[in-house]
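Got a structure here, written out as structure tokens. Questions coming.
Naming follows writing order (A, B, C and D), and every chain is counted from residue 1.
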């Protein structure tokens, strides 16, 4: 039976990608498309690419109605907004996949520090499962609240986790990431105005991006080591894509073949990780897909790993649907190939 | 009296930028525009932007004629081609500013290793001065052969040199660089075909770029330390610009203020270095200029420095003219502001 | 039963798009992927985005083998190359969908004039059906040779045909088109080198593009009028997308509502035409889809129509698969939504 | 003696370009940089590219002070704002070059219709000279109020005026224009958000752009004919540049050579018009220059003309400085080559 899907935040970029994926999904159907706006625009007037594909008007947020019609609700709203809805949805026995940052950090104080906002639903933090299927598939299967990973953390954790977990590299590393402009969302800002973002590279939030604690938390918790990440993101003039180049210090005499064997061990069966060895690839090779591509080399001083994802797919909506597939027993790749 | 300028390689990207700068230069005039081609096209048909500005036909390479008409010759030809002309030009008492890599490395064996070509003019290697005015202005003033720095080395050395020289950071560091596509030159390649380069980030020559030994040589020679650079360049979808994010390990308890003081000490009087403190800026803020912008921060673990240049100006033709200005006693900034 | 598909020219841009669409197609399977190259590369090394999706090596072109394994063959080769294979394939009772220009013009002399090459398979010209389903669906259903339309003609004919056929506008009109760079194919050229194509608009083949006679032929033949098109294409700095703005002289007192009624009459049931009225839309709203969006307005002097397509999908591979769906009795939209 | 220049609206895109040009200008100096903002930011914090080049803080708008310090004031403010300042500046005997649309139309009613705002300084409309030097140089020389042309009208009028004036073509024509995104200014809008504008072409204000009456007025007034323009602008994903393709109906038997002779007659001595004959060129060939490039061809049915300008230079700030040069007796090209 088709999973009935509600989306809160259907008018944002994540909303658009969720709708596009779910329209192609064989085992799910869109049941409730809600917006935080006071208006109720046609979905296809907000997202002109959906003309003829989605004829609905956006609905207001009414948790009773959403719960009645949906088996699962995706939250595509800004952080701090998601936790307004999560408790009510869980109480109504609807599963929730939250694409915001609100349930990614286990510690409410850390959340408050990085997001400048008190966490108002601390009680559900422990209940939330971090939705990175390559590591947490078993927990996701049982979850009723999934905290969908951030785009940068997805790229960084998938490249770092196996190497740190297996002790091939030291637990402190550098991640230099480059992101397309959709990563900054639909909100108009000076930095994302076309004439400002085009023809330019911009390092930002250097050593101070709110995704750093997410990487540290998840990697430390899963590897049992005290992980430290020096993370610097850069805005580059393209729509989509994240590339993260990571610099690790080898522990012991690990070389490129050890790295290869470790990635093989962890990811050989993973449907959305592609191992490229020393063939470093372009972000465009993962654009509009749910893949995370990984390439690596070993130099005299470092193990260098590059990961690429589409920030809106594997970094957001695609991974969210992947999580839904796991939670509802659908084929893991349904709607995503 | 105006300096008479010859250019060998007038039809490439460096040739175009040299011509544009020199047309605006108050103390120089174009005297001989030569091409390696067997044709003699109109310069303005090769570079349509020069229509009405440059009415000359490209000339064949005749060292006697070039020497007769020129005080200085810029070589905008591929590496391994430059050393065909340098000995003959020097013998004819013409000063040479070589934009290729042929005279940047002091050691012919290192050259051969990285450029896959024997060095055929070893005798002049020692004579060549590395044309980075912020460090070598005195030597440039007396030089008759200047090896104009590579674009990546310009960005990396300017950010690293003061910190390593003053002992604020350790001599081994990481440089993660992003370059616009003009950096790959005018030669048609699959990687620079618009539909392949657009909407994508590509790490390439990871840990193995031919500009690494240039960085190591110059930094080691000038700081007296055994410098090691882990260098990874990335192609990003824009015309121009290089951004290099460098990760240093602090030596002693150096903090952001120490870094600021050191950059101030070295660059306060430099006309083409702009210190931005913790205001990380965009490559577009140096586009079409000869500036190198430097920003920095200190985290718990690293001193992080970001430098930005226009790869075709400070990274090539602009710096070449800056060197000419120094060699011929013109105002350092003439033609470049 | 799944339609078995061969592709000759699997390594080009059309080949890539065909493979991606057919991998998602529920009623077809890839049976033979051939290249004109003397090498037999892995498909996923030529198209890195297909890693993990397509593990085949490209095969040599052996018509016997192709015919044995395939129900239909897509030709994604350059014009003049397609007619080398068509006769042999038809003789072997394989249906052919030719994405080149070789069978689009009915008159061999016209072909020779515009493509500078004699037509060597004149006998099959009459047999070819022009593969624009919105007009020729009935003929396509019975065809064994489909000439898949050019990208520009698709955009122009879909906008012009109903208005001229119904006598709302005069038969001579202007079409000013803008295309992304993939329209120029995978072949490296100076005009499509990233630093030349980026940040620029270029009108080219002004009034002399080889797609003009195709528009004229099809429109004249289907409307019974002597159609004249003044066609000027422009290259714009994006990957994909064609926008054609057409300027018609109204015949009689036709206004925007008449235009709307006419488009409704012709396209209301068409799955891949979306009528936008006066809401002129962006090419990005059809990117990666098989839609043709149409918007229009009427001014004092003109009926102005804008059509948008993805040049690689509705303008090539998508429409080719749409034709296959019709020829083999599959759902018209299979693989294309 | 250097002309003292004030700028009202120094923080916008036109302000930035004016400052950059005037910093290189040998006969002018910046005297007063004002902003409508209530803040007084450093110019170099608003325009980071000016760091080290302009150390001033933006000043408040005080007409007495501006008049005291300036010989001429450039208005780089939005339309309807300019006419707040013009009367006061003229009263204080300062010359004014207005980059807004406020004084371009002679008829206050037409202005009100197209700009949805009453004209509050009708008295000065007749006094304003339209600042297109190729046509109005004599009037500009004597003017104290120059209405600097719009970007689209500059491109269209320069291509159309000679042909219509000399009777080579009919007075009704079509202009299909493509503009980079800076043409929409610095104001944040959904259409100019990078992820919306990138990878797309958008026709907008089809047949209803406020620059149409400006084209019609100027062309009718200067040719004595009743000119009609069907004008459709398109947004394309690049920073700068306008290309206008114009379709004229030949009057009499005029051919490409007649067109060439006419353009020669009108523009042979013009320093900023470059005639390219049938070599249609790219907007990038005029980027960052004050040139207008013109190419043309004649087909069976039309004379087709393509003009290219940099919308921020010849289409705004460059032409404004050109006007200043004429008004103050400087070399016409000073600061602009």
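Everything that follows uses one rule, which is that a residue touches a chain if its C-beta (ideal position, glycine included) is under 8 Å from a C-beta of that chain, and two chains touch if they have at least 3 such contacts.
Remember, predicted model here, so these are calculated numbers, not experimental data.
Of the two interfaces, A-B and A-D, the higher number of touching C-beta pairs belongs to A-B. For chain D, the chain with the farthest CA centroid is A. If each chain is reduced to the centroid of its CA atoms, chain A and chain D end up 46 Å from each other.
Chain D has its Cα centroid 36 Å from the Cα centroid of chain B.
Centroid to centroid, with C-alpha atoms defining each point, chain A and chain B lie 40 Å apart.
Across the assembly, chain B contributes 180, 198-199, 237-239, 281-282, 284-285, 287 as residues in contact with two or more other chains.
Listed in rising order, the residues of chain A touching chain C in the complex are 23-24, 48-49, 51-53, 199, 274, 276, 279, 281-282, 284-289, 291, 293, 337. Residues 172, 174, 176, 178, 180, 196, 198-204, 206-208, 228, 230, 232, 234, 236-241, 243, 245, 247, 278, 280-285, 287, 295, 297, 299-302, 304, 306, 308 of chain C are the ones touching chain D in the complex.
Interface residues of chain C, counted against chain B in their complex, comprise 13, 180-182, 186, 188-190, 192-195, 197-199, 237-239.
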